[in-house]
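Here it is, the structure, as structure tokens.
A, B, C and D are the chain letters, set down in written order, and residue numbers restart from 1 in every chain.
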Amino acid sequence: MTDGSPPDLSVDLAPRNPRELRLANPVIAASGCFGYGEEYAGVIDVQRLGAFVSKGITPERRSGNAMPRIIETPAGMLNAIGLQNPGISGFIRKYPPMWERWTVPAIVNISAETIEDYAAMAARLDEQPGVAGIEINVSCPNIARGGYCFGWDPGMSADVTRAVRDVTTLPLIVKLSPGATDIVAVAEAVEAAGADAISLINTLVGMVIDVQHRRPLLANLTGGLSGPAIKPIAVRMVYQVAAAVKVPVIGMGGIMGLRDALEFFLAGASAIQIGTAIFVDPGLPIRLIDELQAWLEHEGFASIGQIVGIANEGFRRGDSAALTAWETAGA
Amino acid sequence: MTDGSPPDLSVDLAPRNPRELRLANPVIAASGCFGYGEEYAGVIDVQRLGAFVSKGITPERRSGNAMPRIIETPAGMLNAIGLQNPGISGFIRKYPPMWERWTVPAIVNISAETIEDYAAMAARLDEQPGVAGIEINVSCPNIARGGYCFGWDPGMSADVTRAVRDVTTLPLIVKLSPGATDIVAVAEAVEAAGADAISLINTLVGMVIDVQHRRPLLANLTGGLSGPAIKPIAVRMVYQVAAAVKVPVIGMGGIMGLRDALEFFLAGASAIQIGTAIFVDPGLPIRLIDELQAWLEHEGFASIGQIVGIANEGFRRGDSAALTAWETAGA
Amino acid sequence: MEMGHESGSSREFEGQILAIDPIMGDSLLLTVSAPPAIVQRLRPGQFFNIRCRFPSAYDPLLRRPFSVYRVDVERSALIFLVRPYGRGSAWLADRVVGDRVGLLGPLGNAFTFSPRTQRVLMVAGGVGVAPLVMLSDEAVAKGMDVVFIMGAADESGLLASSELAGSVEFVAATDDGSRGHRGLAPDMTADYVPWADQIFACGPEPMYRTLRAVVDPLRVNRKPPVQISVERGMACGLGACLGCVVETRHGMVASCVKGPVFDLDEVIL
Amino acid sequence: MEMGHESGSSREFEGQILAIDPIMGDSLLLTVSAPPAIVQRLRPGQFFNIRCRFPSAYDPLLRRPFSVYRVDVERSALIFLVRPYGRGSAWLADRVVGDRVGLLGPLGNAFTFSPRTQRVLMVAGGVGVAPLVMLSDEAVAKGMDVVFIMGAADESGLLASSELAGSVEFVAATDDGSRGHRGLAPDMTADYVPWADQIFACGPEPMYRTLRAVVDPLRVNRKPPVQISVERGMACGLGACLGCVVETRHGMVASCVKGPVFDLDEVIL
């Protein structure tokens, strides 16, 4: 099976884009959980990562939400950071010049409330040295549509994707929101609109009540739920979406170790992102690279690509293996 | 504040229905987690419960899904029982006659794949002694609409509600599916269609991959996620829905103790259901009744009704406190 | 069915760990206190659903079923055989004497002897040995002849024969041949099938398929009958969730209530 | 900024519990081994993010920050003061000598002495006492005069004055007056404000508001300066998640990196 050389972990996350998004390995640090990369420099060897995604950047500087912004939940956490960031201009001055001297690909996560703002940010990133790709966070309210979240609607998600695609040739990842009832419809729409890859899942909206003070605990009232608690939902969505689209899928949601990571690959993810786990186990992403390689070798696979989607028979056959009604509805 | 008498725990879950659904206390055992009541008779004093909800009943007998049907997940579990039940006829022969001799109100949970089937079941339950109310489980695929889940669509949920309302005067609870992007729209639709109360949340659809065998672990591929893991999502949805509707809201999802229960009441639930927790802590529902009473007394409330929704300022003011765009989208 | 309107006879209680003894390699025998009425009435094959975490930490969430290995009537205690395998059993194996654990039980049905049974064959695979030890004690006490076949991956996984009454004939089988016969426990049964009045087996599901293949050609009119204890992932342990069902000739039945002991000829494996 | 392309200097490691000693009622001092380089360079006020669960159980999920109470250079160990409060600290308090715990650190900035400081006032509320003990040791070693005010709910929550160097003047305050002055720690500070060159405080957030109200009228040109250590819920401890921010005159800053020590005049509480 293998010719003695170690299994190939590399992956191109933008196969239909000439600019490519080739990663040495499929382990990516997730947006909002890795700052701008430098924060973890003293703790792990950041350069060994497949890639990392920046904190979400917005058109203008944002100071974020009031405190408290995070609260632990059973096997998970809620966050309502409120996209604290220096804004696209401040960001461009500071980080891409630093990243240019790094070897690890840096992906910029962008958030906005209008289609024009998404496009304007993307245009500024297009020829920016140090930027390897863009991840569009569509889990934001669309001001023009009364605040209905872009990511909940296939049409709105596609509109954002198209607008960004029109102004940049950079590899483009669209990050889906699990709040969408029909996640496959959104995935298909953004694929058709020019996404080079699809990442999922972003957080689910949750709330914790502070019983003592009789009000929601987070200053923002609600926050995004992440961590192991949401993993089964994430794996299910990756399984569905990977079967439906041709572009690579990047899976995330609650990955805490090798077995979790393998669940996502087997479900159809070409790469994975690690978010919340980095907070509790910063060494995990680097360890995973080694563990993935060892596991592939042990199981006789020549590359990571060989295990992508093999838990889904339809995926393996190349036909779209939609889940039946009872399967999707849960039962 | 209190006149010395213990705080009043009773609640009417169908205030706009002359047949009433008056419970001695607001603690209800959830559907699918309490069998038909008799299973827990040797373990707890079932008659002390506010009420209990039967396993989901279907028009015909179902033997359920193949095994495995359950798998533990981080702070939660997935189930794909597949509605194993004797069917409405077998059910009516066996259980309501037994319940008639009990003092605890028994609510029947019904599931079907067509509107006609829902209505036909409800019609047979209408004058059935021993049945205190109906809970409609709309988390089922609508065969007439290609298997799209009833509960994901306000219109389809309302159609089922209306059809059932037309054939029975029994108190009618509609149980919402958290898979709906806009849960408030579904709640408003079923309220308008005649629901006496709304319960939420049902399980979220999830999947676990069996890494060793490289396929989904559950025979059904997916299952419903329940337990503490989903609590923040459930609390958020109860908060949103309770602010939007006038009928009582019954909250559930991951309640494991007094603090969790209080979160739901403060968010706007008039009663709560306990599901997964019963498996791990069967004594919990009865203990909760006592703990709720003691807590209300300690905090100086005269009744459970006084704390319903007080974590939501808009709810208290009586105006619909919709969350802002960023709050609902998470951020 | 009449239900207790007073506070029902609770089967949920906390036991205190009275002793922890090593057994079968990395496994442990946990002696846990329990009410006398429960200890005295316990039948071999019954099990308890044990909470395997601190009450305030919700992961792992569900209880774990454990068969009773033996009872200690004098100390009013239940003895469990715990193999540290995954998260729940590892937590349990990590306890120290004096700790308290949450028990729900006794649950399930039991192995049963037919009135005229004199010769019994036990077939145990790994930790499946647990309920058969108590059953052997009972058989010996009733004056029966017992042959106890046990299979394990290697020598360290075998029960010490001193754990069984002196009159029991102990036959060992290991996958690697490090002790006893090389092979699986069911392979050793052939010689004893014609001899036995009843066969009792407990082990992983594949073992039962092998057992069926071995014994069926040797049985006459489904005699000797074979009782097996099936292992299913469980949630409630009380027949409420229907997560633990076994397919039988009479449909899907909850193995926590109608089982875990089934007649091999009744179940579809 | 240049980054190590080789394997970075890891601040994540496992320490072994060398000793557990009771202190302040139900609290414990945990002595945990750590690399000598870390122990020797540790500054008072820095903290570690400690994993407070078994690695394979994901609830409670997040690490918990704990200040260093003292270092033991000879044993190459860090000493933490743990109050069993919620789920994480209770887990930590449940460990036994020999257990290993996961540490991430040292994290955060430190209390700093101004070059000409000779007289220092410490104001500690409850477990907030931890970093001020190490700071007092350092002040005494530098030949400074130290007054240490400590407040607690009742007598049992107070630090034994023997935990501090003999030259330290220890002033106790309890909410119920069971020992020392009846009242809050900040109420005792007034007498010492004119005397002190620097004030260092650590306790719950409301204590700082009280402290500000007490000291502000007594200070001249914001002198003596007051350094406080703020307590925020944390996730990463490294400035990456922005979950632990403190509002300052210069915006929202991560208290795990730019803090936990802040100048009282800089933060908006």
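The rule is short, and it goes like this: a residue touches a chain if its C-beta (ideal position, glycine included) is under 8 Å from a C-beta of that chain, and two chains touch if they have at least 3 such contacts.
Just so it is clear, the model here is predicted, and its values are computed rather than measured.
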Touching subunit B and also subunit C, the following chains: A, D
Comparison of A-D and A-C (more C-beta pairs in contact): A-D
Interchain centroid distance [CA atoms averaged], subunit A/subunit C, Å: 46
Centroid spacing, where centroids are CA-atom means, of subunit A and subunit B in whole angstrom: 33
Whole-Å gap separating subunit A and subunit D, where each centre is the average of the chain's CA atoms: 37
Rounded Å distance, subunit C centre to subunit D centre (Cα mean): 52
Subunit D: positions in contact with at least two other chains: 58-60
Residues within subunit B bordering two or more other chains: 74-76, 81, 227-228, 256
Arrangement of touching chains [line / ring / star / complete / other]: complete
Touching residues on subunit B, where the partner in the complex is subunit A: 65, 73-76, 78, 80-83, 139-141, 143, 146-149, 152, 177, 179-182, 202-211, 214-216, 220-225, 227-233, 235-236, 239, 254, 256, 259, 262-263, 266-267, 307, 310-311, 313, 323-331
Residue numbers on subunit B that touch subunit D, as the complex places them: 74-75, 228
Residues of subunit D that touch subunit B when the two form their complex: 58-59
Of all residues in subunit A, those that touch subunit D in their complex: 32-35, 38-47, 55, 63-64, 67-72, 74-77, 79, 81, 84, 98, 101-103, 227-228, 256, 276, 278-280, 282-283
Complex interface listing, subunit D residues touching subunit C: 53-54, 56-60, 87, 90-91
